[in-house]
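Look at the two complexes coming up: chain A is in both, with chain B in one and chain C in the other.
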Partner chain A sequence: MGFWQKLEQMDRRWIYLMVAIAVIVPFIVPADLPISITPEAQMVFDAVEAVPDGSTVFVVFDYYPSTIAECEPMARTALRHFFRKNCKVITLSNIPLGGPSMAEAVSRSVAEEFGKEYGVDFVNLGYKYGYVAVMTGMGTSIESIFPTDNSGTPLSELPLMSKVTNYKDISFIFEVADNSTADYWVSIVNAQYGVPMVCGTTAVGAPKYYAFVAARQFLGLLGGMKGAAEYEILIGHKDDAVKGMGAQSLVHLLIIALVILGNLGYFLGGTGRREKLG
Partner chain B sequence: MTGLEIFQIWIIAFFTLALFSFMYKDNPLYKVAEHIFAGLTAGYQVGLVWHTVILQKLWDPMMGGDWWLFIPGILGFLMFARFWEKFSWISRVSLAFVMGVTAGIFLISQLHGLVLPQMQSTMIAASEAIDSSSDDFYYNQGELVLVDGTVEIAESVPATTAPADTLSAVDSLTVADSLADPIPAMVEPPVIEAFPRAILGSTSSDRDSVMVEGLDEVVLRSEFTDTSALAFGEFYAIKFSVKPAEGAPMEIVETNVYAMNGVSVTETAPGRFVAEYAYNPPDSLDAGVYHLGFETERRSVMFLLTIIIVVGVVSTLIYFYFSKEHTGALGVAAKVGIWFIMISFGAHFGYTVMGRVSLLIGRVQFLVEDWIGSFL
Partner chain C sequence: MRTTIPIIVAFLSGLVLALAPFFREDNWFGGLKQELTEWLIIVGGFTLLLGVVSITRVNWTAVTRRKEGWGYKVLTLVAVFAMAIPSVLSPEWSTLFGRADGSIYDWLFVNLQSPMMATMFATLAFYIASAAYRAFRARSVEATILLITATLVMLWRVPMGEWILERLPGDIPYLLNTYIMGGANMAVQRGIIIGAALGAASMSLRIILGIERTYMGKG
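Now for the complex of A and B:
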């Protein structure tokens, strides 16, 4: 059996092993590879920079725990960016599984870095079922949808929420999503209430949302871990996403090599030649 | 690190490795992890909805006096009729309500928020400003005095705050002021580091005075900086204009994607540009004070992209048009459509690979840094 035939019949678990090694090695021996800034990430940074200092903003945790690696660095960086500008941050989630608790944990840990006080500088509204009804209802009254925050404290007892009635009091929305809730933030909130927004999404979802950037419905877009890493670089606080990019690049190189090898094997040694011979 | 935190890390590590073990082959550990995950998910969701919806949004308000909430409560309860075949038709009442409300909300939001803006962006102009924020587009003014057939142009100072998207932002200057003050020296355009793309500039002329009526000309010179290099398809749109002290601005010249219209732009140093235009003041200018305006905007050529987008949209729609056989011109268009679809699939596949690898990286990062780190 020749090399190409052996390659064709290789157990796929060897590929899993190669990918595992390619992911683990950069964490043991860090590779400081350059990360270029895409225009969409720059637009996110510029859009947040343009938000007046001290404004009240939404940071929306619309992602499941399964995509923490991509989405949490974006949310964390967005919070750092807003707290740096002394913005008042309201977090919420349309994801029942983990959304509100991730919003609570992330916002509290970042707020601690900046010495921000819960209820005064930031509030976590938590989760309510039915995102279309939630988004539509908040246009009239946020308190009618979220009578209490995530911990059960009535909004009337939180100083920050006494100044916020509905979308008129929200200057900006930073949506972090791994699903199509971003579509509804655009079509319900951005289009009907005119609240400017940007989106950070998983790599799987990013291609779809480039059309929203082109139409200026999103003022910027972060796509996957790469987008998160770019945003971390732009605000000058390198964190988990930048750390992960070494492994990402190495695995991509491995996959490219495997695609080339697989095609060479197909045409030079195995299936392709047999199909040609009939 | 507390004992509880270490215990949590070990639990997470155990389930992560148990699920990864499926890559070798199916095994009992994987099954255990899978079933615990499914059970936890269902339990968590039921508990969450019970507390945040049933209690907080229905039961508590009803007990507080909002008795009318029993109507949606009953509608919700009727949904359970689907579990009994004999009474399942009753659930259609609730479903009809949900469908009516959903259609009403979605009709407007989808049309207004998705269909129309997306169609509009398909029919985009030949070029567009890359960034419509005022940081990209600064205004600069000098002044121009017409006295007895002579035009005097005073150098300007950089305007660092006024957005340039409106000529009405020109400050008012008087003849007396301009003649009393010495002409300021050329100032190096400042660069705002916080905005890497900021375009700032200053305007000047090569002479202090010039004869009108086309017999003589003055070279209007504007220097501007832009700290990021032009990408493919990008260009600077430059406009020189004058505005009488009283009245609307009058455009002298404007460059665009098709023609420079006599305006030359040279890069004198990295990120530092000079735009020049030889200006002959026309006879139509009356004696008086004029403000000299200069605008520069970084734009991106969209003409070619617009053609690609329109061809892509139309040919893809033709590919999905099945009421006529795809032969002849229709067949060619459908073939073009399938190419666009394939390119789109390629982009999606590339991004999907990146996404899946990111998830693996997240887990490995946890195992290496948090789990192994906890006992090293």
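Now for the complex of A and C:
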């Protein structure tokens, strides 16, 4: 068996080992990689900057725990950005599986950095079933959809919520999603109520939303961990996404190298030629 | 009767929600829409309960009949109830109940569920690398175009790759963002989004008018 044939039939466990090394090494030996800013991430930053200081905003945790690595840095950075502008933040989630818990944990930890008080500076509404009904219903009354916050405290007992009735009192929405709920925020809340919004999503989900960015229904877009890293750089607080860029870079390069090697093996090892001959 | 009543409910509910955006929210019609929306959330909550009942029944039957893999089904049942029961009990009885920091639910979520879900998703990286090596072949002109485009986009989406692209002639990152993501990709995505929206609108209309009855288990 020739070299190329052996290469073509390489045991997949070697590939798994290479991926594991490519993921682990950059965390042990971190490198300060230059990260350029895409126009879409700059638009997110500019849109949040344009929100008047002290406004009330939504940060929506529409992602599952499986995509924490990509989505949580976006949510964390958005909260930092809003708290820095003294905005009042209302978090909620349309994901029953962990959404409210992640919103609670992330908002409380970021609020602690800025000395923000629960109920006054931020509130977590939690989760309610049926995102289309939730989004539609909040257009009339947020309290009728969420009578209590995530911990069961009536909204009427929270000072922040006394000033908020419906979308008319919400200046901006920062949607972090790994699924199609972002489509409904656009079609229901942006299109029908005119609330400006941006979206942070997984790298796999981002291509879909370029159409909404072009239509200005999303004022900006963060795509995957790279998008989160760009946003961290823009607000001047490098965190988990920037740290993850080394591993992501190496794995991408490894996959590209494997694709090239696989094709070389395919053509030079004879399989490609045999397939062409029929 | 078992068909007629659901069709009437679907027709009236659908009609109210479809017409609602054309009316003011502070009049009786807006109030009706809001009432229906709240009912939708309440009824939807019961479907979650139905899910728990269903998963319990299916798994319990498999356990009692000692079907293949019944041990895993025991684990499923234990996991469902270990998460669900403490989370619905009142935190006033004990700090271990409810969903706040320090509760059983929170501990299980942070230390088990969340890492397990992230691990399952992260495992994809290994499979993608292996699948790319074995299956991503330049077998035809179309496959070659896809392969080259995917390679360039993958390079562009990471700092090391971008560094490489910036050293090549021409502003490749700009071209990729403008013509691939903001051009070809966006055109295709628009087609899919508009097509899916038209499909959803037509399906909604069929349900409202009682033409589509598969949701009642009828053809």
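For this structure, a couple of remarks:
As a working rule, the second predicted complex is superposed on the first by the 275 of 278 C-alpha atoms of A that agree within 3 Å, B and C clash if a C-alpha of one lies under 4 Å from a C-alpha of the other, contacts with A are read in each partner's own complex, and residues count from 1 in each chain.
Assume a contact is a pair of C-beta atoms (placed from the backbone, for glycine too) under 8 Å apart; a residue touches a chain by one contact, two chains touch by 3 or more.
This one's a predicted model, so the numbers in the text were calculated from it and none came from an experiment.
The superposed arrangement places chain B and chain C in clashing positions on chain A.
In the superposed model, A:Q248 lies in contact with both chain B and chain C.
By the touch criterion stated above, A:M74 is placed in contact with neither chain B nor chain C. Touch criterion met: A:G224 reaches chain B and chain C at once.
When the shared chain is aligned, chain C comes close enough to touch A:M10, but chain B does not. Of the two partner chains placed by superposition, only chain C is touched by A:T140; chain B is not. Once chain A of one complex is fitted onto chain A of the other, the partner contacts of A:Y127 are limited to chain B, with no touch recorded for chain C. Of the two partner chains placed by the overlay, only chain C lies in contact with A:L261; chain B stays clear of it.
Once the two complexes are overlaid on the shared chain, A:P96 sits against chain B and chain C alike. Touch criterion not met for A:V198: it reaches neither chain B nor chain C.
With the shared chain A as the reference for superposition, chain C clashes with chain B in the stretch 95-103, and the other listed options (23-31, 95-103, 257-265 or 293-301) are free of clashes. The residues of chain A shared by its contacts with chain B and with chain C are 16, 19-20, 23, 39, 66-69, 96-97, 128-129, 136, 183, 187, 192, 203, 207, 211, 214, 223-224, 226, 248, 251-252, 255. Of all residues in chain A, those touching chain B in their complex are 13, 16, 19-20, 23-24, 27-28, 39, 42-43, 46, 49-50, 66-70, 96-97, 126-129, 132, 136, 147-148, 183-184, 186-188, 190-192, 202-204, 206-207, 211, 214-217, 223-226, 240, 243-244, 247-248, 251-252, 255. Across the complex, chain A is touched by residues 23-24, 41, 44-45, 48-49, 52-53, 56-57, 102, 105-106, 108-110, 112-114, 117-118, 120-121, 124, 130-133, 135, 194-197, 231, 344, 347-348, 351-365, 368-369 of chain B.
The touching residues of chain A, counted against chain C in their complex, run 10, 12, 15-16, 18-20, 23, 33-36, 38-39, 64-69, 96-98, 100-102, 104-105, 128-130, 133-134, 136-137, 139-141, 144-145, 150-152, 183, 187, 192, 203, 207-208, 210-211, 214, 223-224, 226, 245, 248-256, 258-259, 261-263, 266, 272, 275.
The touching residues of chain C, counted against chain A in their complex, run 17, 21, 25, 30, 33-34, 37-38, 40-41, 44-45, 47-48, 91, 98-101, 105-106, 109-110, 113-114, 117-118, 120-122, 125-126, 128-130, 132-134, 136-139, 147, 151, 154-155, 157-163, 173, 177, 181-182, 185-186, 189-190, 192-193, 197.
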